[in-house]
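As written, the chains take the letters A, B, C and D, and residue 1 is the first residue of each chain.
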Amino acid sequence: MDVSFWKVAQRYSVIFFDSYGVLKNSQGALDGVPDMLKRLTESGRRFFVITNDASRPPEDMAALYNKIAGFELVPGWRIVTSGTLCSEFLREKVRSGEVAYLGKPSSAHYITQAGLTAVPLAEARDHHDLKALVLLDDEGFDWFADLNRAINLVRHKHLPVVVGNTDLTYPVSTQNVAVAVGGLARMMETILGSHFICFGKPDAMMFTHTFGMAVSENPTLRRRDVLMVGDTLHTDILGANKFGIDTMLVLSGNTQPDRADVMIRSSGIVPTYVCDSVLT
Amino acid sequence: MDVSFWKVAQRYSVIFFDSYGVLKNSQGALDGVPDMLKRLTESGRRFFVITNDASRPPEDMAALYNKIAGFELVPGWRIVTSGTLCSEFLREKVRSGEVAYLGKPSSAHYITQAGLTAVPLAEARDHHDLKALVLLDDEGFDWFADLNRAINLVRHKHLPVVVGNTDLTYPVSTQNVAVAVGGLARMMETILGSHFICFGKPDAMMFTHTFGMAVSENPTLRRRDVLMVGDTLHTDILGANKFGIDTMLVLSGNTQPDRADVMIRSSGIVPTYVCDSVLT
Amino acid sequence: MDVSFWKVAQRYSVIFFDSYGVLKNSQGALDGVPDMLKRLTESGRRFFVITNDASRPPEDMAALYNKIAGFELVPGWRIVTSGTLCSEFLREKVRSGEVAYLGKPSSAHYITQAGLTAVPLAEARDHHDLKALVLLDDEGFDWFADLNRAINLVRHKHLPVVVGNTDLTYPVSTQNVAVAVGGLARMMETILGSHFICFGKPDAMMFTHTFGMAVSENPTLRRRDVLMVGDTLHTDILGANKFGIDTMLVLSGNTQPDRADVMIRSSGIVPTYVCDSVLT
Amino acid sequence: MDVSFWKVAQRYSVIFFDSYGVLKNSQGALDGVPDMLKRLTESGRRFFVITNDASRPPEDMAALYNKIAGFELVPGWRIVTSGTLCSEFLREKVRSGEVAYLGKPSSAHYITQAGLTAVPLAEARDHHDLKALVLLDDEGFDWFADLNRAINLVRHKHLPVVVGNTDLTYPVSTQNVAVAVGGLARMMETILGSHFICFGKPDAMMFTHTFGMAVSENPTLRRRDVLMVGDTLHTDILGANKFGIDTMLVLSGNTQPDRADVMIRSSGIVPTYVCDSVLT
């Protein structure tokens, strides 16, 4: 556990960071993170943020760091969200037309960006020729009315269902969590007995996509030049291990320091490094 | 499929009926059912209704038939609900004190009947010394606020969670279903990684309990003298088969006539008889 | 943890014991256990052993204690095995004919005792009119040949499959486990997408059956007069809690003393008492 | 269903084929398939075979078609197996040393090709410093002895486990299936409560990898220029849909013509086209 993030980072040319629990928490960016990202960039390294979140556009998420830094420290395109993959899917496979969605209005960005028309599920009417149902966020709709409506819609119309975040929960304070849209999607899949098209870590597509962007910047980049830093074994570490890159578990978020060892052994998900935080 | 319920029933002394899809539907009691129950009783047979429902007291459910019959055709105690077992558990294991619940006020019957104090989860405060959380019904609370509250309550206090209905959905019309409290409970179990104490078919306790009551009426009764009639393979037929009594699948509810055969073969859940409805 | 089994036992009139990890281990009966059972009986208490095991008849299992005691300390009928319930199911529901089985010859006891003819799966031929397939034990057959044969048999003939032990593994030494027939059954269910009829703790039928026997001995017995003692949260404690009797977790088997607390909190399965062993 | 494969194929520049049930069956290559592949190539199209199989090298699989054609119709590198991804993972993440494996000797190709030393699990001894356990094939070892050995090895040493085929079963004749190594791996994961690193459709990595190879041949290739043809909804169609390419379900294998429609609707996995076979 006495490994220093900064020392380890010197061995890699590109760092992938998870966001929540690594770079920020419910209070905002961790003190020292903007400075660390600046130093990392100055040392010639490149970084990307990979996050399971489709609640708002990457640019809005980047603003958190850029406002503190006073300049564009984190360009929006360096943040790869599960919504980004959702958007890419809609563009490639659905292509055009209207899709119903569950989520806040800001989450509809991932639909309109793909050239489709976003209709809040509560406003979807029979005259709409819906191409898909997209689950983006746990807020912005009435759970009782709209989850029941969504289930019956899928039962009757056999629409493809696309899910922009596979997480079951997300933290809302140091003590409390909230059900994420991935948790609601899992319940709907169980009830319907069907398979949704879900995007988010640990799925390898998140890493494939980001690695592709890193290779665009540096065509000679190899997988062994990349380090994934995350706070969650079952998403960050499992997915990046499978994609074939080195991994660092930090203990500043989901994984409690006194339980890390037991969790690594019992899950069989082994990070290359374990470290207190990215500020070491 | 050309078996007649009435002919088969002659071979048994006690009939267990599922309720929804067998004796009633979303419009109320099926035409002819009160008459059939009356004839059954007159022929010296006894019957019980076994239903996954903890939304209101058995007496309220019995009123549906009694109002049509004009006399107490179905005494409340002949209806065994999943709430009944829930209530028995609370009396035996929790015994006294306050428990928080999710459900309509009428569902709290199953808590107060056990001698405990029922507190709607939304009104539970830190000064309450809660002994358990009881999930009884999908209505009567705010899903977003109260499901998140319930999850955090269990994470912090490690309360036992008791579930009064294992069904994932229930029908609300000929076309539509709604998520039942069992579906919400399943989502919470997945998120928390923990085991709730769940009551309802196909669990054998529903059948053990009812068989015990039938034996009280007729001490020489054997399992082979009892027939379970239901419309759902995975609850009514699976559970009664395992309990060791004969089973009849009726096609007046959940199981569509043209799919019954495929579903029986692919599930491996084989009823003793298949029949159109209890009115044959 | 400073609770003494013996002191707690004074408050109950009947004790249900799990076998492995509680009364015995891979070396045989724990030193002092026959003496404890003798004292328990002399104090006027009654006991039953409830075990997930269908590999041989209860009488064979009882011999372990009776040989040490020098008299019939544990009558075979005081041992309720998952095989016992399997046998009862075969008698009530299958009633007669030939059934194929997987397991050692001694496990076939549970088939022949029910009045049926047991055919080892490897010897089942087309001329056999099989009524069911029964999985009793992980030994006594060729896994590769016979598991594949079993899967194809069920796919073609849609036989009901009965499983005499729900455990995934069992201990074979202080260090090692072996896959139990319940683990093989689970794999077959996943592959076939179907539901087997499985017997064993935590299913409440194990407790219902044993409680029924205890009531036969003492008709005024109430659930709160019974204590279940086991070493495994997910079988012994979960099942007995749900059945509505008090529970004691002992730390002499599956549950390691230093992890008991974390496991209780994370599983939500809370025993009434925790205690080092039945020898305290 | 009256769509012709050949007509649809004209709209795409690259075709991805599943192998079993599409190009071949238990008797060998389907009559007419070598000819179709030849015509496809002559028309300027490129194809790849994507198969869940790590039992032997791609070159051995290609020989089936090349022998009939009399020339190298299918170069080995055009066959992407789940073993290929397994091999890539071992090279990137494990890098060197000894790994134990379950499978036929021919399956060890995927280990040695990555520059590692393959030790059959049955021969692994304490002096071996194993880096991983790799499950490649369901044959070539003693299920009873070696599956139990594998489970205890992982319990004691916390080795990463890599699985070269996610399928639960594979067909061995027109009537029968056999448990695939993916089915055995799933049982081990359930028993150990841990996560293995599994390769195979529907995982998007199979498609990402193959698409990368196709782009190497034709740098201007877009996803919408590629068609995936498969016989299984839950692997071929689900995975390719998610990856964002068009899909064709053929009814010459796993999916029976009279059930295709029901399966598509109940699973929610919708192919772009449905067609009798690749010979239409």
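General observations
By definition in this document, a contact is a pair of C-beta atoms (placed from the backbone, for glycine too) under 8 Å apart; a residue touches a chain by one contact, two chains touch by 3 or more.
Note that the structure is predicted; figures quoted are calculated from it, not measured.
Rounded to a multiple of 5, the Cα-based rotation taking chain A onto chain C is 180 degrees. Annotation: the chain A:chain B pair of sequence copies touches via predominantly the same residues, more than half of the used numbers being shared.
When each chain is reduced to the average of its Cα atoms, D sits farthest from chain B.
As a whole-number value, the distance joining the C-alpha centres of chain B and chain D reads 45 Å. Taking the mean of the C-alpha atoms as each chain's centre, chain A and chain B sit 40 Å apart. Here the CA centre of chain B is 28 Å from the CA centre of chain C. Taken residue by residue, chain C touches two or more other chains at no position, since every residue touches fewer. Looking at the complex, you find that chain A touches chain B at residues 138-139, 142-144, 147-148, 151-152, 155-156, 168-169, 175-179, 183-184, 186-187, 190-191. For chain A in complex with chain D, the touching residues are 88-89, 92-93, 154, 158, 160-161, 192-197, 203-205, 208, 223-224, 234, 238, 241-245, 264-270.
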